[in-house]
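What follows is chain A paired twice: with chain B in the first complex and chain C in the second.
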Partner chain A sequence: MALLRIEDLNIDYMTLRGRLRAVKNASLTLGEGEWLSIVGESGSGKSTLAMAIPGLLLPPGRITSGRIIFQGRDLTGMSGDELRRIRGSEIGVVFQDPLTSLDPLRTIGDQMVEAIMEHRAAGSKREALEMASAALESVGIPGNRVKYYPHQLSGGQRQRVMIAMAVMLKPRLLIADEPTTALDVIVQASIMRLLKSLQRKMGMSIILITHDIALAAEVSDRIAVMYAAEIVEEGPAEQVIEEPLHPYTEALIKSTPDLWREKTLYSIPGNPPDLRNPPSGCRFHPRCHKAFEPCKSREPRPTRIRDRMVACHLYG
Partner chain B sequence: MAGLARYLLLRALLIIPTVLILYTLVFVIMRVIPGDPVQAALGTRYVPPEQLELLRERHGLNDPLYVQYFEYLAGVVRFDFGESLVIEGRKIADDIKDRFPATLELTIASFIVSVGIGMATGILAAVRRGSKLDTAMRVYSIVAYTLFIPWLGSILIMIFSLWLGLLPTHGRLDPRISLEHKTGLYVLDAILTQNWVALKDALAHLVLPALTLGIVLSGAYTRLVRANLSEALVSDFVRAYRARGVRERRILLHALRNSLIPVVTMMGLQMAILLGGAVLTETTFSWPGMGSYLLEKVEARDYTAVQGVVVFFSFMVGLISLIVDAIYALIDPRIRY
Partner chain C sequence: MAILEVEDLKKHFTQGDLIDRLLGRVRIVKAVDGVSFKLNRGETLALVGESGSGKTTTGKLILRLLEPTSGRIVFDGIDITRMREGELRRLRPRMQMIYQDPYASLNPRMEVGKAIAEPLVVHGRASWSEARREALEMLERVGLTPARDFYRRKPIQLSGGQRQRVVIARAMILKPDLLVADEPVSMIDVSMRTSILKLLLDFKREYNMSMIMITHDLAVARLVADRTAVMYLGKIVEIGPTEDILHNPGHPYTEALIAAAPTIVRGARKPSLRIRGEIADPSRIPSGCRFHPRCPYSDGSKCVKEEPQLAGASRMVACHYPLTR
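Let's turn to the complex of A and B:
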């Protein structure tokens, strides 16, 4: 059985200038121990989709329809407190900016112990502190750093601390929202290696949100590509990278810089659409070089091709 | 903790130059103002020139300026601010000892009221941001902030003293009640001497002035707490707390602590201003504090008294800023210079 199944999920932001659909009819399945990367540009809805899973949408964001089935239970129907119990214990989250994601006024240990005690995962504060320092050791930070304040650690160390906090209660699912965007390339690589090894050791599933399709290609089992609030393609990582089906995926891969290829960097013509007023038909058609008649008028339906999915008129 | 101790010691030492600069300023200003202080203090009364000369000599006004400067400074170190120009032989330090406790008592009471109301309304507004309650709190803050103290004081006196007859209209204590003055803070004195009749009466006298001043000052806190807390509540670390499954009530406390630095800053500023005497409140309620004292002395052109009060006040400002710095350091571990 799948660990997580998202079915026809719609997420709206109620803004002063009207309703904005940030995620449209999203469906995804994630198996136990699987690594899924959701790739897309800024504003494509990838973070919104991922944050909706543990109930961390920022207002005025709201799930308007659809289901999120996690370990057989629908998270969309849960009360705030039921969701809270799942967050941190069964689903861990790592955020983009480790510099601002830790409370600057409290020690690392205090923040970890608090979460452990909230989930009653330890009998005493002392036991919780031992768990916290063990969790730090597991991400390569000396256990005595529990006494440190966030400002006494570097950016990379802080992201390791965030990861330790996210996995210390052995969650089944880890959501990492652009965990390396705020860090330099060398640290980036070590953080990705850390996530990979933790995944293997603990057998948890990972959802990685990233705009970097090359990074996704290296680490993922599966890749989902989002464009303008929709999942346009999804499938096994190798296949999606080697032979992309959707013209957007293809363009995204082409616009990745490559040190060994001497040529100017490709860029997709035009800009992502305004989600308050998306283009008719296929949302990508104004920027697509393969667009033909039906693309302008009809929305493409998601089509299954073996264990891949694509939403494009070329295939349906 | 060694870092913290060193930091506080440095801050404490900084009070000295602060006071020195203020004292020098006051000293210079007093000497630059045109007119002879002795003549001004005596007003239009005719005094023979020999006697004027005698008074000048007595107050050291004939000495060279640098002698005056250092002699006064030597007095200040011993808490001696000289003698009144108007009332023969009256020591300014004694006046301050008489009046300051009244101001301190009113300051503490109105501080509790303003911070209490301001924090409560500000937190409510921030937590329910965008709701009707939020709007109500914001309207409250503006109204409170713009109220005129004598007007609000008179209204409260009218309701609670004249109509309901619950509270006294003015003063600090019913003159028929005797109370041994140990600290000059009547509430504290009454508790120390276990004089419960006096305690009840002193508190009753304190309610209206404290409420008047407290309400007017609370408006600024409402706005400040609302603005800073609602910003903290949408910050990344709050979302991270949520992601770890921490309860909302605990998250609110952590966010509040993070939004407290600017609030503590304002508390310090307000406290310092209040210790200088709340003139309007003191005159409305005939409260014998520093504010009304300074007003009397300025009117009487008692130069040494004014100078003494300002120097004393600069000590208070220095002391308050030291306390504020200590609180900063307690709140935020990053503050250790």
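Let's turn to the complex of A and C:
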């Protein structure tokens, strides 16, 4: 059974210069224990889509239509209180910069205990503190570091603390929004290994948001590629990487510098479009080397090919 | 012929206020701790390492944006180590630097065209009207077209990649002999990185410019650099031709960096080496080989006591037990 089903989701930002559709007709399914990575460039809508799931859209962002079914319940109709209860206990969230989500003036133990007590997951503060230190151990940080302040930890350790906080109440889903973008490569690799082992041990599902398709390729069960507010391709990671269907996915892979492939200076021509004034037809057509007549005038519809989805006129 | 020679360059910062000083609690942060290399005309050298490796400080020292503690910097045959600002000013147009954050390196209130034209006027190379014409050509060159339209825009109206193009145009309009590029693509989407790097390579070829590419990303070094120097805690631990280093790393730290680089290639033959922990605090540099606390090959005695020196010819490694010989 699916843990999460997103159906025809549309998200708008109301700006002074008019309405901007940040996510357009997005549909996705995530199974229990599955790792889905949503890949795309800045402004593709990947973070907006992911943040909408646990109700963390920042105004002026607003879901205008569609449903987000999590464990059988529609999250889009829920109140702020209900969503707060679900966040942390059933859905954990990790952001790019741990410093912005940790209070510099309080120990990390204090902040973890508060979150545990808020969800009434422990009977006493002492029990909560024990839970917090066990959670730190589970991410490779000695349990006695509950007494530390955030500045006493390195960037990589702080991100581990954020992960500990996100998973300590054993959520079914972890959403990680560019969790390693601010970190060095060696630390990045260790954080990715940690997430992978937590996914396996806890049987938890993960949604990773990243602009780096190589990072996604190494850890994901499935990959969704977003371009200009739309999901243009989705499928099993191996197939998306080895035989991309959408020309954008193909170009994205080709343009990513990689130590284990032949050296190339290929880059995708042009720039991502302005979402206030997106191109007609297929939004990728001005940059697509395979574009033909219908691409300019008609929007491609999502096509299912076995276990995969692609939105491109090449596939009917 | 070398455009730049750096000899035993050091930058030590003292950390602590007056009270710390009185109490003798001052800590010395050895950000750069004895770096030597030569850069030939038209050559690109990558300085690769994690945050805290001293690569950015090295870049700033080379351009004398920071005062070196000791060592020697020779630019095009001229010793600039202790040169005064007045004299340096004449050399400045020949040595340019671009930074990681294109948002921070542009004046938010200035039209980007004017920002590109400004250095020509400041250095007395052109009048405003000539500078404007050259800036328009430059906008064209870096792919910000229609140039007349982009000239009038403010930085906030541009994407990160477009801003970095403006920053590059501003540095290139002076046709420098040496460019120090500090993580120029690390804040830019992976998919846009190659086009920015290609732009730098095109300018490099056209001006026969030399370049120092500071990056934490070996894949970036591979695309642009003839040679690569891997830095760890203020020192170069390995230096040599880039492809050679990538195929056959000599230092365990280099191997660890390669092992950590993500790839889309399934079954890529990555080294399996994984190292412990994070880079040490540069005010508490470990004894002996400064990498030993994280090194899986440390012998626990020589590595802890004796500091290995860079040894070799075209390829140099500072390790008691190099992976290659």
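The rule is simple: the second predicted complex is superposed on the first by the 311 of 316 C-alpha atoms of A that agree within 3 Å, B and C clash if a C-alpha of one lies under 4 Å from a C-alpha of the other, contacts with A are read in each partner's own complex, and residues count from 1 in each chain.
We take it that a contact is a pair of C-beta atoms (placed from the backbone, for glycine too) under 8 Å apart; a residue touches a chain by one contact, two chains touch by 3 or more.
Predicted model only: the values in this text are computed from it and were never measured.
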item	value
Partner, of chain C and chain B, that touches more residues belonging to chain A	C
Contacts of A:257 with chain B and chain C, given as first, second, both or neither	second
First (chain B), second (chain C), both or neither touched by A:149	first
Partner chain(s) touched by A:86 [first = chain B, second = chain C, both, neither]	first
Partner chain in contact with A:308 - chain B first, chain C second, else both or neither	neither
First (chain B), second (chain C), both or neither touched by A:58	first
Partner chain(s) touched by A:125 [first = chain B, second = chain C, both, neither]	neither
First (chain B), second (chain C), both or neither touched by A:162	first
Which superposed partner A:101 touches (first chain B, second chain C, both, neither)	first
Footprint overlap on chain A, where chain B in one structure and chain C in the other make contact	none
Chain A residues within the chain C interface of the complex	41-43, 154-157, 184-190, 211-215, 217-218, 238, 241-242, 251-253, 255-261, 263-268, 271-272
For the chain B and chain A complex, residues of the former touching the latter	234-237, 239-248, 250, 254, 257-258, 331-334
In the complex with chain B, residue positions of chain A that touch it	54, 56, 58, 80, 84-89, 92-93, 95, 97, 100-106, 111, 114-115, 118-119, 149, 151, 162, 165-166
Sites on chain C touched by chain A in the complex	50-51, 159-162, 189-195, 197-198, 201, 216-220, 222-223, 246, 256-266, 268-270, 274-275, 278-279
